[in-house]
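Read from first to last, the chains carry the letters A, B and C; within each, the first residue is number 1.
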Amino acid sequence: MAPYTNIPLSPAELSYLQTSLSATPPIRPDGRSPTQFRPLVAEADILPSANGSARVCFSDGTEAVVGIKAEVERTGRADVFREGESEGEDVNATGEGKGRNEWLEVAIDVPGLRDDDALPVFLGAMLSEALGADGALRDRLWINARFHWRLYVDILLLSPPLSYPLPLLSLTTHLALLNTRLPALLSQGDEDPLFNDDWDASTHLYPRPSKPSPATQKPPITLLVTTTGPNILFDPSRDELAVAESVLAVSAAPTASGSLSVVAIRSVDPPSRLTAAGVPREINSASGATATASAGEVLAAREKDEGRGVWRAPRGGVGRKVVAEVVKMVVAKGGVGEEVLAGLEGVET
Amino acid sequence: MPREAEPSNNAKAFLLQALRENVRLDGRAFDEFRQIDLSFGDEYGVATARLGKTKVMVRVSSEVVKASADRKFDGVFTISTELSPIASPAFEVGRQDQAEVLLSRILEKTIRRSGALDTESLCIIAGQKCFHVRADVHVLDHDGSLVDASCLALVAALMHYRRPDFEVRGEEVQIFDPREREPIKLSMQHQPFCVTFGYYEDGSVMLLDSTLLEEQCREGEVMISMNRFGEICQIAKYSGEPVDAMSVLNCMNVALEKVKVFDKLVKAKLEEDEKRRDVGGLMAELSAENAR
Amino acid sequence: MPLDTSTYILAHLRLDGRRWNELRRLQAQMSTQAAADGSSYFEMGNTKIICTVAGPQEQKSGGGGRSQQDKAKIEVEVNFAGFSGMDRKKRARSDKRTSEMQHTIASAFESTLLTHLFPHSTITLNLHILSQDGSLLAACLNAATLALVDAGIPMTDYISATTVATTASYADKEEEADPLLDLNGLEEQELPFLTIASSGGEDRVCSLVLETKVHMARLEPMISVGLDGCSQIRGILDGVIRAHGRKVLEGKVG
């Protein structure tokens, strides 16, 4: 069992949390507004030996480091043949549409968990899915018909996974990719690639315009959104996750037109599903109820109690309207997604 | 998980008290080894070393394999160690024990990384074929000084081993059966041996060739590997109480003396074994170096 | 791949412009991670390490039933990040070199930490190597010292470690051989070197690991230069710890 699912809260505490989070407006334990993020510490370009790197610390103490390394690799023979055919009609040398998702490798290391444990595998799938959905990235790895860059994204969680580490890892990866630089190509056409060894002349993987414009290409970000009652909460803390009725991981990336679009969305099994339910007072022998109720009676009493304050694990499922609302909040102009992107852009290297 | 039983407090105290009075439990001097016994098997490359009750057998074998792409002119040499329950109930099959990792690392550093075996001589055709020499270290009985005994047995086995002769005709390689042509000795560049010092009483007492009980009571150990020319191949002082730098340097001189003794012993035993095999003095005639 | 360090003989300057007894730039921070009981970030030139300490805490059920119940058990996990070297490489966790390193670090601290104060418990050290450029084991030991101090685990002394090489591996070039302090990755590949850790006062060797062939006559100058380097590093570590302590007292941290 992943560590973040061990919730040390009693049914009464869960019920209290749930009630305050479903109030309008919601009252979060740390006083944030529904869309507000916790403060974080971020650094970029921290490692000399990597093409791009970043470190992010959340205020709850979780910390991640991402290092990105690029290596030149010979494109397989079959690909050369295929691309050789298309070469005739398509003479532009930008590599549009020629990138492949295999050139991007994401590896996640979580302390105490094996590489093939469910959590790192699932997180890795979600992150690479978002990166792969953005076709522009893989096309930029194309050098010429015979060579391509292979991009290794190594994600290192340094702390035990206290809360669901997806947003932490995603933001760190975003920051690292934003600061990834590749050596400038000197050779032309299909020659063996020759690079400028002056690191100052290197180009950013995500090109940076001279003046800030909204249409800049940027790597995607994945945000974790929970719903509790009627409310939608961003950046849930561990306690908030514990009572979430649904958890959604929304990946958004800026498009060429400058607006954000959703590239991937996944629902995550809410940890609250594993909590023990509370017992209604009428049948709780500890609070004076005389007869010990049978299991069936307890269940019936719980059903009757629906919504009256006794904690019960959510049954799951999330309405289409809620999903639509979440997506709107993420990608809207001036919405949460843009705010996060703007925040990360300000990180000094 | 089976584990070596800790000696009782009384046993420990007795041993330490004796050491304070300059007495070892088995009556040896502090820098004295137990009876060293080295014997060879009927086959080439099988050597058994005994240090008191500790017994280690090493078997060297070879086969022809494809050369690795990044080391075209080198053969392959691997050392594998196995600590099985036969040596001590504390060892388990299949589990990577800390002791085993350390033993194999020390042997690796002493013999492989120091270039004791000339791997270039194992190359048959550059980039294509080479010999893979494999040394299997089997610990048969464990009563302390495992590393020293294993190292001794391993070096002796390597010096004893003879690989099959071969002939290259263009691309074709013919490997000769030992019955067709007399096999050839491996080319060794030097013979390193390992000497382990156990220390007690804040480094004032240094013991050579500790028994298991002495190992369990010691404060720390220094493992030194060197050859008879005084070239150190490896020093490992992983743990234990800090000791004076001077006493570490003193260990070097003691180690050199002991290594010279080991070196002589191995060579004498090899000569003895050769004589035993050389029935009727036919060996010189069979040598591959003779004109055909 | 052999490099050419023969220029050293001419100018007595090393590849990166240092003299024989100069350390690289050393930087360290403590309490870098709020979630850990103790943490540190340590940088020796381009070797960068993050260390976190968990514990002393209750022994995990999986590793329970050990006989060492009267004192705390020290567990070390060394993790090489895939991007730490020149080429991207993932090192298996069961690698023997890594487990030897883990053993060295764990047993080095067994003698300086007052483990008998925490019976039935475990102290776990996690070392993340973010960037490797020589003197790895030494940097790990230094980083671990800082993190253990941050975790507030009582110890008799700091462990400070460094590496020393010699420019000649054989005795015939005796006069020209110089010991070199604190190696970077390139020097480490070419020269015989040893890692030395000191604690418990001057001239006390806590761990000593040598893996390359060198003549015994060269050893004495190497060890004495190494011990000198250790005491320099000790001074730097002490400075970092005191500065951190002052900050904590002033309420700026934690």
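In the analysis below, a contact is a pair of C-beta atoms (placed from the backbone, for glycine too) under 8 Å apart; a residue touches a chain by one contact, two chains touch by 3 or more.
In this text the structure is predicted, and so the values were computed from the model without any measurement.
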Centroid comparison with chain B (C-alpha atoms), farthest chain: A
Nearest-to-centre chain - CA centroid comparison: C
Approximate Å spacing (C-alpha centroids) for the pair chain B, chain C: 29
Chain A-chain B separation of Cα centroids, rounded to whole Å: 53
Chain centre separation in whole Å, for chain C relative to chain A (CA means): 35
Complex interface listing, chain A residues touching chain C: 46-50, 53, 57, 59-63, 65, 67-69, 71, 107, 109, 111, 152, 154, 156, 158-160, 162
Interfacial residue positions of chain C with respect to chain B in the complex: 65-67, 94, 96-97, 99-100, 103-104, 107-108, 110-111, 170-171, 194, 198-201, 203-217, 219-220, 223-224, 227
In the complex with chain A, residue positions of chain C that touch it: 32-36, 46, 48, 50, 52, 54, 77, 79, 81-88, 90, 126, 128, 130-133
Of chain B, residues touching chain C in the complex: 1, 3, 6, 96, 98, 101-102, 104-105, 108-109, 113-115, 220, 222, 226, 229-246, 248-249, 252, 256
